[in-house]
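There are two complexes below, and they share chain A, which is joined by chain B in the first and by chain C in the second.
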Partner chain A sequence: MFSYCTEPSQLESLRWFSCFLTNGVHLKFYTSFGTVLLLLAITAPVALSFGFIGAVASRSHFPPLSFLGKLYTAMVRGIPDIAFFLFFVIALDQGLEWLRHQALCPDWTDPIRQGANFLVCPEAKLPQSSSPQIWHEIYNSAIAIFTFSIVFGAFASNVLFGAMKAVPYAQIETAHAYGMSNRQTFWRILVPQMWVYALPGLSNLWMILIKATPLLFLLGVEDIVYWAREIGGSKTSAYTYPHPDWRIYYFLGLLVFYLVFTRVSEIALSRLTRKLSHGQATLAGEQQRREA
Partner chain B sequence: MTCWETIQAYGLRSFGIGERLLPKSDITLCEQTTLIGSGMIWNIYFGVLSLAAGFFFATALAMAKNARNPWLRKPAEWFIFLFRGSPLFIQFFLAYETFVLLPKFGIEFSVLGIDFTATTRWLTRAWLGALIVLFLNTSAYSAEIFHGALRSVPRGDLEAADAYGLSGWHKFRRVTWPTMMRLAWPAYTNEAIFLFHATTLVYFSGFPAWKQMGDALYYASYFADKTFNPFVPYPIVAGYFIVLTLIVITVFGMINRRLNRHLPQQRRQRFRFRPQWIR
Partner chain C sequence: MNRLILSTAVLALTAGAAMAQDVVRMGTEGAYPPYNFINDSGNPDGFEIELGNELCKRAELTCEWVTNDWDSIIPNLTSGNYDTIMAGMSITDEREEVIDFTQNYYPPTASVYVALDDDADLTGVVAAQVNTIQAGYVAESGATLLEFATGDETIAAVRNGEADAVFADLDFLAPFAAEEADLSIVGEPVPLGGGIGMGLRESDTEMKAKFDAIITEMKADGTLNTMLKKWFGDETQTYE
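Up next is the complex of A and B:
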């Protein structure tokens, strides 16, 4: 990074640190913060839409659909989310490869599961072993995001289902009295009004989602936890920057990052809640009206 | 090996009793169920002990957070913020790295002229180190629940206590605390459920599984790695956890009924699933 960094063993401590903290792996470490934020930015809306679909399905009048929706909503209640993460990462991978196998190699006769092996034809492998490294990383991240979205979608489905039930029934009845169809009532009356009821739950969900991002490490994404462990571990003099085990300091850094992140989110969400409660027929909205 | 022999060999494997080697090839359904069930003992151990100890610490923290004296209030607020604002995963890593750095031979200190030697050796083992982290973590989450409940204890109840001449400890023990528990209980049930779920994180977060003695999810991922088939071990874990969750809900529901026994039916608070207490 700096011109004096060519011979780090000769430097005094301040310059040594300025070189150490800007070397190649550290830059990767810093960009991994961006990766985490990016994954979070993709996961949140996807999970929310999964949750919406789940909530709508549970409200359906068609019994099998509502059963599926309720099953999806209930699945996170009894089972640890980490079990889902570990399961889906392998299951999705195998499922995709199996589908491609069925489509691409119809005359393959060997069984796919042979003892402890999962064998599909070479064309069905995902990603292809010849494809560049970046595709492997993107594939891993995509699987991780999808897994996260399924699990947090189930939480969001819980929240949204509750919020849809919380909208006063008189509103729905009035809409019907005006001659609106079920579909119109849903999109024009129910959905716009449910957000204020859903917001406390969704804010909590956002906090949970932030605090779940270190688990991306378990799903094989090279995130901040991965790099903190990599860089922090003790390095012998064979490395350019030898140092003892500094992982504790890296994890302290991560702790501070998460504390700041959750605190900032908390403040932002409480502002948003105030804004959305404005003019609503809820306790908070009523209080704002009296104060004004 | 018949299934009964498997249970004898692996039923207590997670505590190091029985067969030393884990099954490596030709893994049967019985072996998976037994070994994962054996791992559940650790999940129950972590959950029950940290909940039991955390309950009392959380009550103290909630009282401290509600105190007027800033020397009590500020530390409690910071403690709760620290443990609720950061991921449990990071807390485990950080605690493990800290425990590893402690001197191996132990710390010598003297209190009132008597010399103590605190052994730090066990802190790097999951059974103690992870238990401490889980205890502190659940204390912070429960303290937040209890604090919220404490703030919503009806003023009339407290005034009635004053009118009866209760004060200090008696007022707390007879009026404030039971009402606080009653109000907090549905949320506390959620906290208990998610604490049991959080125990599965222990062996994935720095704490090594010594001699392959791990929890349910540790064995499940072991089997998933060995057989490359996630569709058997993970549903087994799921089944065990659903049963555990149902037991937790039943036990906590019984306590809830006892806490609410003086109230008319329609004013009783029921358990509702609220995911905000997840870590």
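Up next is the complex of A and C:
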């Protein structure tokens, strides 16, 4: 990074640290914070839309659909996250490869399952073994994001289902009395009003989602926990910057990061709650009206 | 999601057409210095990386390094996530049942105990990396085995008193014993395993023969010995 970093063993401590903290692995460590934020930025809206679909399905008057919606919530809510993650990531990967195998290699005669191995034809591999490493990483992250979205979508579905029920029934009746169809009532009356009831549950979910991101490490994505452990571990002179076991400082840094991040989220969410309560027939909305 | 998979497939196809040579994905752990590790620039480095690159150069293959956790390194080879393993993996009968090995590129060397003081109880609690021949040996030696996912954690366990000693390859532990004032090698070295070889899927016989021939060639012309001395010091065992 800096010009004086060529001989780190000769440097005094301040310069040594300035070189150490800007070396290649540290830059990867800093980038991995971006990976985590990107994961959150994609997962949150996707999970919310899964949740919305789940909630609408659960409310459906068509029995099979409402059964599916309720099954989705019950299944994911009842299974430990980690078990679901470990299972679903493998199942999704093998399922996709199996489908591609059926489509691309109809003449393949060897069994796919040979003992502990899952062997599909080379054309069906995802991603292709000849593709660059970056695609392998993107594929792994995409599967992880999808799994996160399914799990958190189920929780969101439950929250939204409850929020839709919490909208005062008089509002719905009035809408019908004005001659609105079911669809119009849903989109114009129910959905705009349900958010304020959903927000406490959703903001709680957002906090849990932030705190669940180290699960990425479990799925083999090189996230901040991976790099903290990797860089913090004691290093011998095989490395350019030998140092003793510093994992405690790196993990401490992660604690601070998560604490700051959740605190900032809390502030942002409480502002949003205030905004959404405006003009609502809730206690908070009523207070705002009196103060005004 | 669909678009992503589609673009991956498209890219893979075009990439495949652009490169005349096959890409061989080389699996390694990246956490076992000086055999293989991620260096300070964030790239794979170490004895096996240098050797692997030389093998690929001589075989005229394009190689790409992939890191994978040690405990799932064999399953991910057999399911085709990469094509070879060069991760300080000793050739053993149990592993031979699942995968194939080339001839060894690192001669059979001793494993040693490292502890905080010289009269540490080697039949007490001994730390070892999971699924290694050393872990197997400790389990049979009568000591209480404490397993960890990485080599680094086994050393941390001795430091914080969780384990009485750590048992691993001499060349992995030697730098720690030499550079850290509190750690030293204790007890007698134990010869284990049949040396370290490159692991391949049992179906890849052609690639195995190719790498076997090049390792023989490198043993004969002395380049392998030069690499061994560079990474493990002049005292290390070499090939005749």
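Following the convention adopted for this analysis, the second predicted complex is superposed on the first by the 290 of 292 C-alpha atoms of A that agree within 3 Å, B and C clash if a C-alpha of one lies under 4 Å from a C-alpha of the other, contacts with A are read in each partner's own complex, and residues count from 1 in each chain.
Criterion: a residue touches a chain if its C-beta (ideal position, glycine included) is under 8 Å from a C-beta of that chain, and two chains touch if they have at least 3 such contacts.
All figures in this text were calculated on a predicted structure; none of them were measured in a lab.
Novice: Looking at the overlay, what does A:Arg263 touch: chain B (first), chain C (second), both, or neither?
Specialist: A:Arg263: touches chain B, not chain C.
Novice: In the overlaid three-chain picture, which partner chain does A:Arg113 touch, first (chain B) or second (chain C), both, or neither?
Specialist: The answer is first: A:Arg113 touches chain B but not chain C.
Novice: Would you check which partner chain A:Ala91 touches, where first means chain B only, second means chain C only, and both and neither mean what they say?
Specialist: A:Ala91 sits against chain B, while chain C stays out of touch.
Novice: Identify the partner contact of A:Tyr30: answer first if only chain B is touched, second if only chain C is, both if each is, neither if none is.
Specialist: A:Tyr30 sits against neither chain B nor chain C.
Novice: Who does A:Ala83 touch here: chain B (first), chain C (second), both, or neither?
Specialist: Only chain B; A:Ala83 stays clear of chain C.
Novice: Quick one: is A:Pro127 in contact with chain B, with chain C, with both, or with neither? Answer first, second, both or neither.
Specialist: The second partner, chain C, only.
Novice: Quick check on the superposed pair: does A:Tyr4 touch chain B, chain C, both, or neither? Answer first, second, both or neither.
Specialist: neither
Novice: Identify the overlap between the chain B-contacting and the chain C-contacting residues of chain A.
Specialist: Touching chain B and chain C on chain A: residues 116-118, 245, 247.
Novice: Give the list of chain A residues in touch with chain B in this complex.
Specialist: Its residues touching chain B are 76-83, 86-87, 90-91, 94, 113, 115-118, 155, 158-159, 201, 204-205, 207-208, 210-215, 217-218, 225, 229, 245, 247-248, 251-252, 254-255, 258-259, 262-263.
Novice: Sort out for me which residues of chain A touch chain C in the complex.
Specialist: 23-25, 27-28, 96, 116-120, 122, 125-133, 135-136, 138-139, 142, 146, 220, 230, 233-242, 244-245, 247
Novice: Write out the stretch or stretches of chain B touching chain A in their complex.
Specialist: 25, 81-82, 85-91, 93-94, 97-98, 100-101, 193, 196-198, 200-201, 204, 217, 220-221, 224, 226-231, 234, 237-238, 241-242, 245-246, 273, 275-276, 278-279
Novice: Would you pull the chain C residues touching chain A in the complex into a rising list?
Specialist: 1, 4-5, 8-9, 11-13, 15-16, 19, 22-23, 25, 31, 33-34, 37-43, 46, 64, 66, 68-69, 75, 78-83, 98, 150, 152-153, 155-156, 159, 175-176, 179-180
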